[in-house]
Structures are given as C-alpha cells and as structure tokens.
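Heads up, there are several structures right after this.
Common to both upcoming complexes is chain A, partnered first by chain B, then by chain C.
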Partner chain A sequence: MRKAAVLGALLIIGAMLLFAIGKMPAMNSRNAPDKTHVIPRYLEKGEEEGGAKNIVTGVILNYRGYDTMGEVTVIFSALCAVVALLDREKRGLSRSSPDASGVRSSVIVRTVVRFAFPVIVFFAVAYMMLHGEGSPGGGFQGGAILGASVIVFTLAFGLPESTRRMPLKVRIPLESTAIVGFLAMGIIGLAYGVNFLTYLLPGVHGAMAQTVRNLMMTVIEVGIGIGGGVIFISIVFAMMREDKYELQPDVPQP
Partner chain B sequence: MSEYVRDAFIVLFSLTGLFFFVGGTVGLLRCPDLYARLHPSTKCDTLGACSVILALCLQAGASFVTLKLLAIAFFLLLSCATCGHAIGRSAFRSGVVPWHKPGVKPWPIEEDE
Partner chain C sequence: MNWALNLLLLLFLVTTAAVAIRLRDLLAVAIVFSAYSLMMAILWTQLRAPDLALTEAAVGAGVTTVLFVLTIFKTTRRED
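Up next is the complex of A and B:
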C-alpha cells in the first residue's frame, strides 16, 4: 500500500516535471528569456546598476548578492565540517608532532619560495581583491591564491614553521571575515532603511554615492578574499595534521 | 621593412614554442619512467611557453602588456624549474628506481638506505 502510494506520487511528480520540460524554450534558443532579457540588461545597465566596471563583480555582489553570501556560508560550513572531522588542534587533542616526513625540502625550493611568497601575496591582495571591480579577478580568486601561497610556504618550510607564523589565535577571527563583511555591509543598508545588501544609500548623492558603493563592495571583496584564503589554509593544516596522525597512531587500539 | 622582420621573428618564436610543446607532449607520453618524463615536460613550460611569450612581447611592442608578459615569463621560468627539481628530488628520496635495461644497474644506488 505504502509502496503504491510512493509510486503514484513519483509518477505524478515525474509527469509534472516532464510536462514542464516540454514547455521550456529550446536549448540555446535566441528567444529564451535569458537571451532576450537577462543578458541585455546586464550588458547595458550592468555598470550603472551593479556599480563595478567589471560586470562579473557587479553580478556577483549586486544582482546576486544573496547567492554569493550563500556561497561564502558554504565555504565556511566546509571548514566547520573539516574541523569537526579532522582537526585535533582546536580541541586540544593534538598529541603528535605535526611534521610527518622529517625531511627538509631542498635549499632550492626554500630559496625560491622565500622569494616568491611575498610576490604571490601581493598579487592576491593588490591585483585580485582590491582591483577586482575594475579588472578580472575578485575576492574568491584572490582568496584561492592567498591560500595557495601559504600552502606553498607550508610545503617548503614544514607545518610547525607555518603554524608558528599563522597561529590559531590569528586564524580563528580571520576565518569568519567573509561572512562578517557581508553581514556588516548588508546591515549598513538596513540601517539606512533600504533593502539588505543595497549599496546605494539614500541621503548620499552624486559622486559620493559612487565612492561609498565602491568602498562597500571593496570591503566585501577583501573580506571574501581573506576569509576564503584563511579557510583554505585551516583546512590544509587540519588535513596535514591528520595525515601524520594516521601514519603513526599513538592512541591504543581497543 | 622592419615590420616584416618583426613578423618573421614572431613566427620564428611561435614555431619554436610549438616545437617544444609538441616535443614535450610526445616525451610525456612516450618516455619510460618518471625521471625521463620530467625532462621533456619541464622543457615544455620553460622553453616552449617562454618562446611563445617572447613572440607575444614582440607582437605587443613597447607597452605595459609587454612588462606583464615578461613578468609572467620570469615567474614561469622560476616556478617550473623549481617544480621539476622538487618532483625529481622527492621521487628519488622516496626510492623510485630509474628505468633501466634488465640486468643493468642504472647508477650506484645505495641499496641499504
């Protein structure tokens, strides 16, 4: 009886979905609504409405601000999951020394990393995050590069050195920068009596409004970048620790 | 006249890059083991990509784009050479024996280590 009910429900839902698919415009059709309405709107009014020369940034932060905030939350949740599953550092359970191999990387690698690391960080912050509204780039890309730079540093100099320079005390507040930045900028909009994540504040006019909007979007971009980057770093630290933990278990097996 | 000379150099550098990329790809697919594959695949990135970038620099002329391209070439040279070194070293240290003919010792490897 129950199976029959489930089957019937599935059939009805399936029939509805198939009917809806039949009504959809053909794939890549010129008359599809996204071609006739969405794309022309973005291309014609994107700079004015989105507030960024780079239309991608305008779309990400303005038209789809809620969506981007959700993405940031997803990244943060991923960090929470990894920490809950792997990281013993935060729960004070790390008993093993974190450097697994015990082999130092060669002097060539260390020299090159020492030279390249500041350049990579500069590229991530100055070229990707801060300049994301005017040229290709943005917070997510900058955060990925920032995280990768510290990962390279960790591979070259070992986890102890890396955790000494980015201790837990520094990482914990930075991990939530992305969400906090988003919420703060959204609440500024609410305080002015407009919608959440509206960057054009009432009472601010002319060139000042544009400056304020750019500033708010830059704050969000930098928040996404630093938050995302530090989240990647923390995930990698947790996983490297766990690797060592698996290699040499010091917990007596039951 | 100078236009033609420049174009000729652009074509020359592009073809050099193409040659090294094709050679690197063939080597990556055909060579017998990690060390032998590392050799052509790093050539791909250093010589091949840098030749193409040189051609692009000539095409762009004296501009800010050329500066960016030269920076890309510099970091490409630096990182690819280092990567090749790091991969080869870590493979050797974790005991990957180089390819050799059966019965021929590849090079004096300390068996006990």
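Up next is the complex of A and C:
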C-alpha cells in the first residue's frame, strides 16, 4: 500500500517535470529568453557596465553583487562552522606537544617544494586574484591555489614548521577578510550617497572612476582569496593536528 | 579532431566515474576522483568556460582531494 502510494507520487511528479521540460525552449534555440535578452546585453555592455574585461567577473561582482555577497557569507559561515567542529588547534597544545608526523621528507621533495612554492603563490596572488578582472580566474580560485600551496609546504616541511610560519593569531584575522572586504566596499558606496555595492562613485569622473572601480573590485577579489585560502589552511591544520599519532596511512583492515 | 578529443575525454570521464563507484579502496577512489575533476576541467575549457575550468582544477582536483585523503587517514581506508 505504502509502496504503491510512493510510486504513484513519484510518477505524478515525474510526469509534471517531463511536461514542464516539454514546455521549455529547445536547447541552443535562438529564441530562448537567455539568448534574446541576457546574453546580448552582457556581451555588448558587460565591459562598460560591469567594469571588468573578464565578463564573468563583471557579472559576479557587479550585476549580481548581492548574490555573490550572500554566497560568500554562506560559504564562509559554513567554513567557520567546520573549523569550530574540528575544534581548532588549542592555543597551548600546539606549543607543548610536538607533532608526531615530524618525519622529514626526502631532500628531493623539499628542494622541489622550495622552488615551486613561490611560483605557486605568485600565480595564485598575481594571476588569479589581482588580475581576476582581466583574465579567467578570481578570488575563489586564487584562494584555493594559495591554500594548496601551503598544504604542499606542510607535506614537505611538516606541520610544526607550517604552524610556526602561519601561527593561529595571524590566521584568525585573515580568515574574516572575505566578508569584511566585501562589506567595506559596499559601504563605501553608501557613504557616497549611492546604492550599496555601487562601484561607480559620484564625484569621481573619467579614467579615475574606472581606476577606483577596478581597485574596489580587486580588493573584494583579494579579500575572498586570502580569506578562503587561510580558512582552508586552518581546516587542514586542524585535521592534521587532531589524532596526531594516527596520521600514518593505516593498514587495510580485514 | 576536436570532437574526437571531446569523445575521448567524455569516455574517460564516464570510466573514472564508474571506477570510483566500484572501487572499495577509498584512497584509490579519492585519486580517481581527482583524475575525474582534471578531465572535467579540460572539458570546461573545451566548452569555453575557463573560469569554471580553473575552479574545477583548483577546488575539484586540489582542495577536495586533500580533504578526502585527510578524512580517510582519520577514519578508515576500506569500504565495508
């Protein structure tokens, strides 16, 4: 009886969904609403209105600034909750108990990492975050690469060395840069008497306006990148720290 | 030529997805999943979405794999 009811409900929902799909414009149809209104507008005016050569960045930060800000807030709240659940490295504990995974990696790994690390960081900061408005990439991607570079460093030189170079009290303020940077750039618009998250400020004209707009968008990108990267580093540090005596790969269990 | 490459990538994508489901060694699954993300990143560039390709490569192949491997080390490697 119950199975029949579930099956019936599924069939009804499936029929409704299929009916709705049938009413949608055909794939790649030139008459679909997104092809007639949204895409031409973005392609023709995106660079001028969005303020970025990379239209994707213009859409994310300008046309859909509110969405992106809400998204950033949700993601970073979730990441903060993960860090809280993992019970972040205790302040005193990291100093008093030496890490068990202090096995030195081979000299080849350490040398390669020593050469690759600055290049990866440069790529993440310069090409992804700072140049995100002109080329593919942006804050999120840059943050992920930045975090990954520190993970590579940790794998080669061990957790104590990593936490010594990026101590907790440096990471805590950096973790909040994403939301703080976004909000601060939004409030600058309010202070000038225009809408929240407006990058074109009244009283600033010509080439200067474009420079100011690019600068504000870059601040947001860099904030998202550093915040995302550092919070990822914190999560990984917390995961590596806890149960430190079981960090070696375990034998397959029967 | 381009469609051949795309077909190859898609076949590899389906294969890695199937292998990831079938394998019982979770560490191997994490690595296979990383390969899946890499193929997906190349496909995104084929679809002319370089922003998405960068995200897929950085987050899908990099960050997620690190988190999976750390989680496996903290739990268990075999799927029962």
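The working rule: the second predicted complex is superposed on the first by the 200 of 254 C-alpha atoms of A that agree within 3 Å, B and C clash if a C-alpha of one lies under 4 Å from a C-alpha of the other, contacts with A are read in each partner's own complex, and residues count from 1 in each chain.
The rule we apply is simple: a contact is a pair of C-beta atoms (placed from the backbone, for glycine too) under 8 Å apart; a residue touches a chain by one contact, two chains touch by 3 or more.
None of these values were measured; they are calculated from a predicted model.
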Which of chain B and chain C A:V59 touches, first, second, both or neither: neither
Which of chain B and chain C A:A116 touches, first, second, both or neither: first
Partner, of chain C and chain B, that touches more residues belonging to chain A: C
First, second, both or neither for A:I151, with chain B first and chain C second: second
Touching partner for A:A178 - first (chain B), second (chain C), both, neither: neither
First (chain B), second (chain C), both or neither touched by A:S105: first
Chain B versus chain C as contact partner of A:Q141, first or second or both or neither: second
Residue ranges of chain B touching chain A (in the complex, touch as defined): 75, 78-79, 82, 85-86, 89, 93
Touching residues on chain C, where the partner in the complex is chain A: 25, 27, 50-51, 53-55, 58-59, 62-63, 66-67, 70-71, 73-74, 76-78
For the chain A and chain C complex, residues of the former touching the latter: 54, 56, 128, 136-138, 140-141, 144-145, 147-148, 151, 232, 235-236, 239-240, 242-243, 246-250, 252-253
Parts of chain A lying in touch with chain B, wherever the complex brings them together: 103, 105-106, 108-109, 112, 115-116, 119
